[in-house]
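See the structures that follow.
Shared chain: chain A. Partners: chain B in the first complex, chain C in the second.
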Partner chain A sequence: MATLFDYLLIITFYFAAIGLAFFFSWGAAWVFRKLSARLQARKGPPAYQPIADIIKLFGKERFIPRLANKFLYTLSPLVALSAILILSFMIPPGTPFWPGPLAFDLIVILYFSVMFSLAFVIAGWASGSPWGKIGASREVAMILSVELPLAIALLIPSLALARVGSGFSLSITDVIAAQEGIFIWFLPNWFLFHYPLASVALFLALLTKSWMRPFGDIPEAEQEIFAGPLTEYGGPLLGIFELARLFRFYVFTALFVDLYLGGGDGLIFPLNLLVFLVKCLVIVIIMTIIHVASARYRISHAFKWFLTVCLAFAVFSLIRVLVGF
Partner chain B sequence: MIDPAIVIIVLYIAAAFCLLGKKIRKGNDVVALLAIGFALLAVVLNYFYLPLWISVPGVFGFAFTINGYTNLIALIATFIGFLVVVYSVKYIEHRGSSYSLFVLLTIGSLIGMAYSWNLFWVFLFAEVATITSTFLIAHHLKSPSFEGGLKYLSIQIFASLFVVVGLGFIYQEALASGYSGIGAFSIDFLLSSGLLTGFIGKFSLFLIFLGFLVKVPSFPIHTWLPDASTVAPASISTLLHAMMIKVAGMPAFLILLLFHSLFVSINFWLVICSLGILTMLICVIIAFAQNDLKRLLAFDSVSQMGYVILGMGIGGLAISFYDITTDPVWLVVAAGGITAGLFHLLNHSLFKSVLFFSAGAIEHETGTRDINQLGGLLQAMPKTGYVMLIGSLAIAGVPLLNGFISKWMVYNACISAGQPVFALIAIFTSALTLAVFLRILCSVFLGNSPGTFEGVHAAPRSMFTPSLLLAIGCILFGVFPQIAILFLILPATTVLLPVAITPPANPLFWVSLDLFLLGTLLIIGLIIGYLLYRIKWGATPSEAEDKTMPFTGGTLKDPYLKVEEARPASTVFSYPFRSLLNGVRRSHTGLVNMYILWFVLFAVLMLSLLIVGWI
Partner chain C sequence: MTRKKKTEKKTIPMQIDEVTAPEYVIPLGPFHPALLEGEYFKLKVEGEKVLEVDLKLGYNYRGIMKLAESRSYHQNMYLFERVCGICSAAHTTAYSTTVEMLGGIELPDRARYIRTLIAELERIHSHLLWAGVGMELIGFKTLFMLIWRDREHVLDVLEAISGNRQHYAMNTIGGVRKDIEKEAIPKIEEKLKVLHKATETATKAVLEDGGIRARTKGIGTLDKEIAKQISVVGPVARAAGIKIDVRKDDPYAAYDEIPFDVITANDGDIFSMALVRLGELVESVKISQYCLDKLKTTGGPIQAEVKEIPPGEAVGRVEAPRGELMYYLVSNGTNTPERARVRTPSYLNDYALLFMLPGESLADVPITVASIDPCMACTDRICTVVNQDMRTQKTSTIQELFKNSR
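Up next, the complex of A and B:
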């Protein structure tokens, strides 16, 4: 059993993890905005802009819409923030940096990511605005469409562990450890090269989870439903939501890097973190380019894509894992 | 300890007392509450194996056994039964003496069934419970209630034919070996004497399994449960969903797991697991299309039983196909699967009772169960709303509520048994369940009020307290599942496992998932958010009314163009499954003949597979 000291240590590491995630997300958000602006032939904001926007929101007055349910309206941003903070603690930056046998498995990560989306659904409905409700029901539809390919693609690396011979484990740290070494020629032993189709499926699912086009901004399509679930939000509560959404730049890219891009590649301390962050930044840049270059699809298209193409990719890789070729 | 026979006799006598008091409703309530309170006390005392023995001479010939498994099932039955009786005091307004009579008879028979360690007595109590609960289902004495009750009765009676034939085969075997009497059906006797061997033993047990599988219920024969529980009063729906299907359905897996040496084929257990998968997936998809609150809950119930079937199937696969006496890895898988199944059974009792109690309160106060007509009830019935929120999130598997743990254990058991496909479909089903329950929560509690619910007020205390207790249980078992697993589930698992297991230090099956830590971190996150929200950053709150009106996009007159009637249309949710859904909907004709035909086809298929020797 964990002692009180262990708990205190873990909580310290929790704050360290969210600090790292915060600063990376800040930088990545700036890269995202600057790069989008340059691709659209605009100048783009300065580096402090992402965080300045959020601080500005905290300076505004607090209010609760008359039609909203006060309790759920206030609670859901807090739940969103809390869920994504836990996610940024559970997904290690390349190498596990907490001591002891604390290994959160991939299913828990999957469920907390659903909890994060759930907060937006409840927020949309609790705000009492029709736009919020439409956005929330779109958010549910997106959870449904993404869930199956996401779950399969998340579990494929850990299922492949049993084949590699390092023993069955759902722990993300074991997945990272299994990716050290060389695959063929100069290619590293990343699951990206073992299961490329599954990595495409996971990438698209995570792209959607982090509100990037072509599918991700369906729930908050501003030309159709203003801001979707967040239409009625303003002031500090919107600030908390925006803060929670800032962490997506760390959480969802780090998940992809840990599972399919080898995490920190088993290097020594400062180097592995650096390698990991560079990989994350590359993923952010690719996501940004896709986001800027593509238009928003309709919701039925999202269903079709995820439940046919992505699912086919994921299932094909799953069959490869299970049968072994 | 108090002999379970006394509990059952007390319940039956109390039922007879209820016949006397046709004029005195309060008297009925008092008698029923006293009897069920005594039963609860006795079952809890039995749980601790206290040496205080109150016993009756064996004139009745009951074959009761007190072990971990029977304790667990009896505790579920009695606890939920107690809450059902408490709930009924205010809920059932116009009742004759028959309601209390049949409730006590049903609960008594189910407790008897839970404690019975003899196939004959299990069958007999199951029949009594089936017949008495039919009257409860038809309580409203209207044509749909009679229809639902008759459908229920005919399918159940048809299923018990299989049990009768199976028992007949067993008795024939016993007679041939020179044994006679009811004792020949005792599970201990059948296990120790080696009477059931070879094909006849397998065949007869499989017939009994099919008969009890209807009561679980599993996929092709699930149709009686939604039909019956929609027309029944909500207290009776709770009784059906939280007690009946568990107490009456679990013997199916009890016999399979205890007599695992007869079912050594891996195909057999894969078929059981696939039944679980089909049950959970198809029924949750049907639940999408429902507009009746109770019918939706009922289909979801069937879907949740799929997790139980899956857990039991994985456990059985590990027990019978692998050598768990020497291989600790597969022992872990076996114990994990069975524990997960039983834990989900317990959890499902908790949250489904919460949901049915709340649905009953809603129907009681508003007079309708149609999801499309309900709305905005969180303002009128806040307590019921928040309790139902907890129940829905628990059933959808949101972390730190009990449904998450048991589902997580089922996934882990599947993956470590080398069957990740089952786990993946179960994960997807969990997401579908979440969507189903978000639809309920959003349209019933958070949507716009249609305006007809002006006079609706909170449910009476006796209808709210039971669901509050169970919701607290959902949170408790979600954060400290070790309590439930160590004290309730593992004793039952040890009965079903052929090998003794020592409970591990961390009973969450050898993976360190520290839910208390997760809860702590979640609360720290909430506190961070709350501090960010409360800290005074600058401007003072204003009271301006116009700022608190919904955002209209600039238009002030008739701003939403009917958008305010927006609901989470089932079309958005069911879009990807539309063709499948239409097929499923067309096949659910509501004709009991068709349903029995499904069952017959299913049974013929399974039995021919058994005869061919494939399973």
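Up next, the complex of A and C:
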């Protein structure tokens, strides 16, 4: 029987999770921008820049283009922000003891991650600009190519729970709990070492979902189609979109760390959070280096790559999980 | 918040027509992140595929050829320097070569080497600029930043020689305006070594990086026969396998004695154009080195004596970074030219795009447009004002333009 105290606890956790996600994303966005600047022989922005950009947008005029569908144009940033906020609450910060998740939360996470991308499709179509429509069609193509390997790679740890010892479960907390201990020699019991190919597939899918090159920035390729789906956006509505996009640094890295890198490694409270955040930051740095060191491919390349190589990695791991070798 | 009341519906240019969907028209330009100057491509696309292309120029018309008829030969030097910011030395070299042909003026040796050196340094800076922009357009921002960092070295050299990063103002009729001191030469040689290394790095990146290869190989292919028919020039022609180079075919300045290779490729795609330009960078560094070696030993004046220009006409050609640049001058015996005609390389190369773009994906349009290295500043000729509703248009005469500009 849930008491009032339980609800208050959940609300507290909710705000704590959002705060953690926000401040980590802020820092990670700065690391992303500073590191890529240094690698490109530039100076880079100060630490407050990622958030200053968003605050600036909220101070600007609110407008809706005449050709836009007013309802969807206003709704889509809110859809994106709510989807990413729910995700940042549902993905635990490295600990198996987390009130957010439900019994089948991996499926819910999958759906909300698609909803986040769909918000951009709606935005592009609702804005009434040809550039927005092309961006939206590219975003749809990205969803179609990325989501299949992403879904398979996301569910492999939960299918593998049965083989690790605990029973089959679609809960992300059970996946984190199952990764405690030692695999072989000194290697920790992470799913990265159990299913390396699936982790590569998930990493590439999440890299793309976080708008990182080589594939991620195709829908908003500046030199080709201005800002893609967000071409007609400006002011506070763009600010909401940018705020939602800021959270990607936390949500997608945390998802990878929880599923394949063992979360907080089952340590006690402050330590597990610290270990978890360090792992997230390492993932952000790896993503930044890949982003900086690559050219932008075409959408056809992305489609081919994800539905051949990435899907093959994921399906191979899936067969390994099901057959067991 | 107050908002204006909805007025009567205006015709919006390029509105998407519901009837012909999914084919619709995309306005690329006149202002677009991929374009550095004003030009307008009307792209009819189906999804991402480009079906038809229409090109419209004339956003940057300045009437320089008309202005040239009211200025003296020496004043025109400053005018033609400003036709284009990137190839200013090519324009003044072409102009002064043409005037020297009119007046029968022989260049002193030292002036020939300095003129060649400046032309080649400018080619290095222009090709590095192109390589950086091209990398940016395929989304490789890192290489763009690094190439432009290396480009600073050649700008430093030009600044050390002439005092300016652009608009060097080195050429004059019958020679050059400034000498290069012996003490400055070792520093320039050092910078040339850095440039040589930077060129090698860029070439290696283009040859080895999978992303660059995937985005440029087989894209924007210009067939050799079509290239001949529309008479493209410069690196675009050389990439299609046509071995033309004014420096070899019709040598000016000191090119008749300098050994260098004309770089060609066979495929005519963007990858070949990149390879041709990167190959030319290496050759340009070599030519610059040759000129510096000669400057160490050659003495003498840097300007010839200029007498009156007799009546007559002359055509001068030089190889600008973008291809053949032609100047046609008619003299009537006074100190002002009767007629000046400039034919710039982009004027010819722009029309190659109408053959290169159809069939490509929309993602490849920016890099294909940039692959011919279009330079609008020198190309725009006509001036047609199209009103905002895209229905009426008006062509201005030169008198009206003069009236509007004063």
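One rule holds for everything that comes next: the second predicted complex is superposed on the first by the 307 of 325 C-alpha atoms of A that agree within 3 Å, B and C clash if a C-alpha of one lies under 4 Å from a C-alpha of the other, contacts with A are read in each partner's own complex, and residues count from 1 in each chain.
By our rule, a residue touches a chain if its C-beta (ideal position, glycine included) is under 8 Å from a C-beta of that chain, and two chains touch if they have at least 3 such contacts.
A quick note: this is a predicted structure, and the numbers were derived from the prediction, not measured.
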| item | value |
| --- | --- |
| Greater residue coverage of chain A in the superposed arrangement, chain B or chain C | B |
| Which superposed partner A:298 touches (first chain B, second chain C, both, neither) | second |
| Chain B versus chain C as contact partner of A:189, first or second or both or neither | neither |
| Contacts of A:214 with chain B and chain C, given as first, second, both or neither | second |
| Chain B versus chain C as contact partner of A:144, first or second or both or neither | first |
| First (chain B), second (chain C), both or neither touched by A:49 | neither |
| Touched partner set for A:74, first chain B, second chain C, both or neither | first |
| Touched partner set for A:173, first chain B, second chain C, both or neither | neither |
| Partner chain in contact with A:223 - chain B first, chain C second, else both or neither | second |
| Chain C-contacting residues of chain A that also contact chain B | 62, 67, 130-131, 133-134, 137-138, 226, 299-300 |
| Residue ranges of chain A touching chain C (in the complex, touch as defined) | 36, 39-42, 62, 67, 130-131, 133-134, 137-138, 213-214, 217-218, 221-226, 292-301 |
| Chain B residues within the chain A interface of the complex | 378-379, 386, 397-399, 404, 408, 411-412, 415-416, 418, 420-421, 423-424, 427-428, 431-432, 434-435, 438-439, 441-442, 446-448, 505, 511-514, 517-518, 520-526, 528-530, 532-533, 535, 537-542, 545, 547-551, 553, 560, 563-564, 566-569, 572-573, 575-576 |
| Residue ranges of chain A touching chain B (in the complex, touch as defined) | 1-2, 7, 10-11, 14, 58-67, 69, 71-72, 74, 77-79, 81-83, 85-86, 89, 101-105, 107-108, 110-112, 114-115, 118, 121-122, 125-131, 133-134, 136-138, 140-141, 143-145, 147-148, 151-152, 155, 159, 162, 168, 170-171, 226, 231-232, 236-237, 239-240, 243, 299-300, 303-304, 307, 318, 322 |
| Interface residues, chain C side, partner chain A - complex | 1, 12, 14-16, 24-27, 32-34, 47-48, 135-143, 145-146, 149, 209, 211-212, 214-215, 361-366 |
